[in-house]
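Listed after this line are the structures, all set down as structure tokens.
The same chain A turns up in both complexes below, where it pairs with chain B and then with chain C.
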Partner chain A sequence: MLKIINGGIEVLVEDWPGRLGYLGKGMSASGAFDNVGLGLANVLVGNPSGEAGLEITGGFLEAEFTGDHVIALAGTDMQPTINGQPVAMWTALKVSAGDVIKFLHIAPTGFRCYLAVAGGVDVPAYLGSKSTCIFGAYGGFDGRALKPGDEVKFGASSADLSALAGRKLKAEAIPQYSNEWVLRAIPGPNTCPDYATQEGMDLLFSRVSKIQHTSNRSAYRLEELPASFFARADGGVGGSHPSNIIDHAYAIRGALNICGNTPILLVADGPTLGGYMCALNVINADLWKVGQGAPGRDYMQFQLSSQEEAIEERKKQKQWLSEDSLA
Partner chain B sequence: MSQGRFDVILDTMPETESRLEVLFRQAGDGFVQVEYGREQRAMLQDSFRMLAVNDIILGKNLKGLIETVPGIRTNLLHFDPEAVDVRGLIDMVKQAEDSMPTIDDVVLKSRLIHLPIAFEDSETKKAVAKYQKEVRPDAPNIIDGYNLEYMAMCNGITAEECKKLILGTDWFNSGGGFWPGGAFLWPTDPRCAIVVPKYNPPRTWTPEGAVGIGGPCVFTYTTPTGGGYQLFGRTIPVFQFACKHPMFKDGPFLYRNADRVRFHEVSEKEVVEIYGHVHDKTDYTYEIDQGEIKAKEYIAWFNSEEVQKGAAELKAKQAEGTKKAPRL
Partner chain C sequence: MEKSVNAIMPGLCARVVVNVGDKISAGQEVAVINCMKTEISVKSEFAGTVSQVLSKEWDELQVGNPMVMLEVEE
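For the complex of A and B:
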């Protein structure tokens, strides 16, 4: 078990691929914002890569273990310590009852850190997933972020703890972080010539845009697009702005919603349906990068991809998030 | 088809007498959007057909199809591209479309849910008062502390007439989304099709069970949340996170696609008592009839002289009302 001393900025229980199959019921998938971070941490401690762990955003979590466990930390380096001693990222670590783990703030790159524990985080699955949907306040740990006094239970490890401790990743398996994230994306469903201009789409796929500080687990907002982006004068019956259309379901996670002139990436907890056009989708295998993008600091750029490449990348990612990545 | 870098239409089916053109639009590596027609229009007959096709698609239990998410004129298919390829998926939808060649073939399973409603109840009045105090003190859509008079004004009718129209039609669920358990309910009778603008800016709080209208759609709020629809009353729970009541044993949702809702007026006391019987005692019995919608019959009724005359009369009143009602 883990007793929370300080919940920090935001710590959530998340798994992967999250709560699938409820978009039509108004429930997005939620899930780990960076599934690569969670996946690699899980591999290190011998869990299936999608097992639930703790998603630590921003930093400052402080908590005490009440038993012997093996954990791993993956993601941005928040200078974690156990009982005041620095500990390694991307490594399976043995912890004992009474050990206090403490995180500082985010590194110059990356925004989220994942804590996986052998046996996984033990919260009841809701509609097939242990993920927290923070905007709807359901799933995970009582549908909310962890706070002081919370006691987070862990499952039993299937492997012998002493065999797990010390496991490391191959150097090439550790993801490369940046302040300028290149996201491969597939255009659609609303592009040129009917909704956007060719010039507008070219701009969308070439410019570098800062992640706005108003971004969160539902929406990552980017810089405004010029009026020349739109091919229509208005949205007809859908509304007065050319970004308006009659409500349609959003292809989340990963759809880029054009809301007025503001492009918004709809991510983990995003809305499942609405009245704005969508110009592209980030490929599933690149969604993790969005989760490591720091609002107000990092930049994003879209790079044209294809369905074929996206499927290839899904397969590669499965391989990446497996024991093949262990050193 | 052109071969532009941003060409996203993967395939099409031509328009027929009983169906609009079908467009298959690329929407990432795990989704494809099926769009009906190129024009932005909201017609229930399009939705009836699409949902009937959707039932056929779901009935095939295709491996790799995760879910379908119908809107009023689009259906989003969510799939695992490692289990089924997009080409196979499109071919399956085409087969489903072709299996309903005429309008006579379009028969849609549709339950009729009877929901009690208390107009102008004290809980939704609290939400309006909170909005006026904390968000927009000069909101022109609040008259005598509520939205009903403004709704009536927009439609060129009285508040009493407004209530009669809400009670006088069945409200069709074209598909859920946006908020957990939510459904977008459209009037089936065009003679009752009131239309109102949405709040500007939105509310920060709405009670569970609040009933509101925005544009042409009614929404019954499933949990306390913000919102932008004009409020006129409160109904009973249509969602239960805890899944305690037998109605919610398979999931927290009451509504299914293609359900129709019919409201009947009761006292606020009665509505409030039902909350206890749904959430605590779990012994309330929901009144739900099984049924179906035959598209051909609906279209004939919709196009009949009597219905069209009544619809035109309401439209004329709305045109007058829109001139008088302040914009939000």
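For the complex of A and C:
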């Protein structure tokens, strides 16, 4: 078990691929914002890559273990310590009852850190997932971020803990972080020539845009687009702005919603439908990068991709998040 | 000895809640940052007296930017 001393900025229980099958009921999938970080941490401790762990956003988590466990930390390096001693990222670590783990703030690159434990986090699965939907206040640990006094239970691991401790990743399996994230994306469904101009789409795929500080697990807002982006003068029966269309389902996770002039990436806890055009979709294999982009600090750029590349990259990611990545 | 209380997240300064001359205790909130559409409290690690307020509403902040300076007794 883990007793929370300080919940920091935002710590959530998340698994992967989250709560699938309920978009039609207005429920987003949620799930780990960076599924690569969670997946590699799980691989290190011998769990299935989608097992639930803790998603630590921003930092400052402080907590005490009440039993002996093997854990792994993956993601941005928040200078974690155990009993005041620095500990390694991307490595399976043995912890004992009474050990206190503490995180500082985010590193110069990356925004989220994942804590996986052998056996997983033991919260009830709600509609097939342990993930927290923080805006819907369901799933995970009471549907909310962890706070002081919470006691998070862990599952029992079938593995030999002493054999797990010390496991590391191959150097090439550790993801490279940046302040300028390149996201491969497929245009559509609302693109040129009907909704956007060719020049507008060229701009969308060529510019580098800062992540706005208002971004969170629901949406990542980017810098505004010029009026010349739009092919239409207004939204017709959909509304007065050319970004308006008749309400339709959003292809979350990864759709780029154009809301007024603001492009907004719809992500983990994003809305499932609405009345704005969606100009592109980030490929599934690159969604993890969005979760490591820091609002108010990092930049994003879209790179033209294809369905074929998206399928191929998804297969490669499955291989990446497996024991093949262990050193 | 002068110590700074720094921004703990990138974002915008929502407000500074102390003034020059205020005596504050360790763990006391000195400022608030807007990030992720929520308000994040910035607390002082030290007890001391506020000597300078360096941030104001709407200032863009990065992790580590000093927001308030304190005169701390050694």
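By definition in this document, the second predicted complex is superposed on the first by the 327 of 327 C-alpha atoms of A that agree within 3 Å, B and C clash if a C-alpha of one lies under 4 Å from a C-alpha of the other, contacts with A are read in each partner's own complex, and residues count from 1 in each chain.
The definition used in the following text is that a residue touches a chain if its C-beta (ideal position, glycine included) is under 8 Å from a C-beta of that chain, and two chains touch if they have at least 3 such contacts.
Computed from a predicted structure; not experimentally measured.
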> In the superposed arrangement, which partner chain does A:215 touch: chain B (first), chain C (second), both, or neither?
Replying inline: second
>> Going by the contact rule set out at the top, does A:226 touch chain B (first), chain C (second), both, or neither?
In response: neither
>> A:297 in the overlay: touching chain B, chain C, both, or neither? Say first, second, both or neither.
In response: second
> Which holds for A:60: it touches chain B only (first), chain C only (second), both, or neither?
Replying inline: second
> With the two structures laid over each other on chain A, which partner does A:148 touch: chain B (first), chain C (second), both, or neither?
Replying inline: neither
> According to the contact criterion defined above, which of chain B and chain C contacts more residues of chain A?
Replying inline: B
> Of all the chain A residues, which ones make contact with chain B and with chain C?
Replying inline: none
> Which of the residues in chain A end up touching chain C in this complex?
Replying inline: 9-10, 57-60, 105-106, 213-217, 294-297
> Which of the residues in chain B come into contact with chain A in the complex?
Replying inline: 4-8, 25-31, 33, 35, 38-42, 66-76, 78, 81-82, 86, 175-182, 184, 222-223, 241, 251-253, 257
>> List the residues on chain A that touch chain B in their complex, please.
In response: 20-27, 127, 136, 138, 186-192, 194, 196, 198, 201, 235-238, 245-251, 254-255, 271-274, 278, 280-284, 304, 307, 310-311, 314-315
> What part of chain C is in contact with chain A in the complex they form?
Replying inline: 8-12, 34-38, 40, 60-64
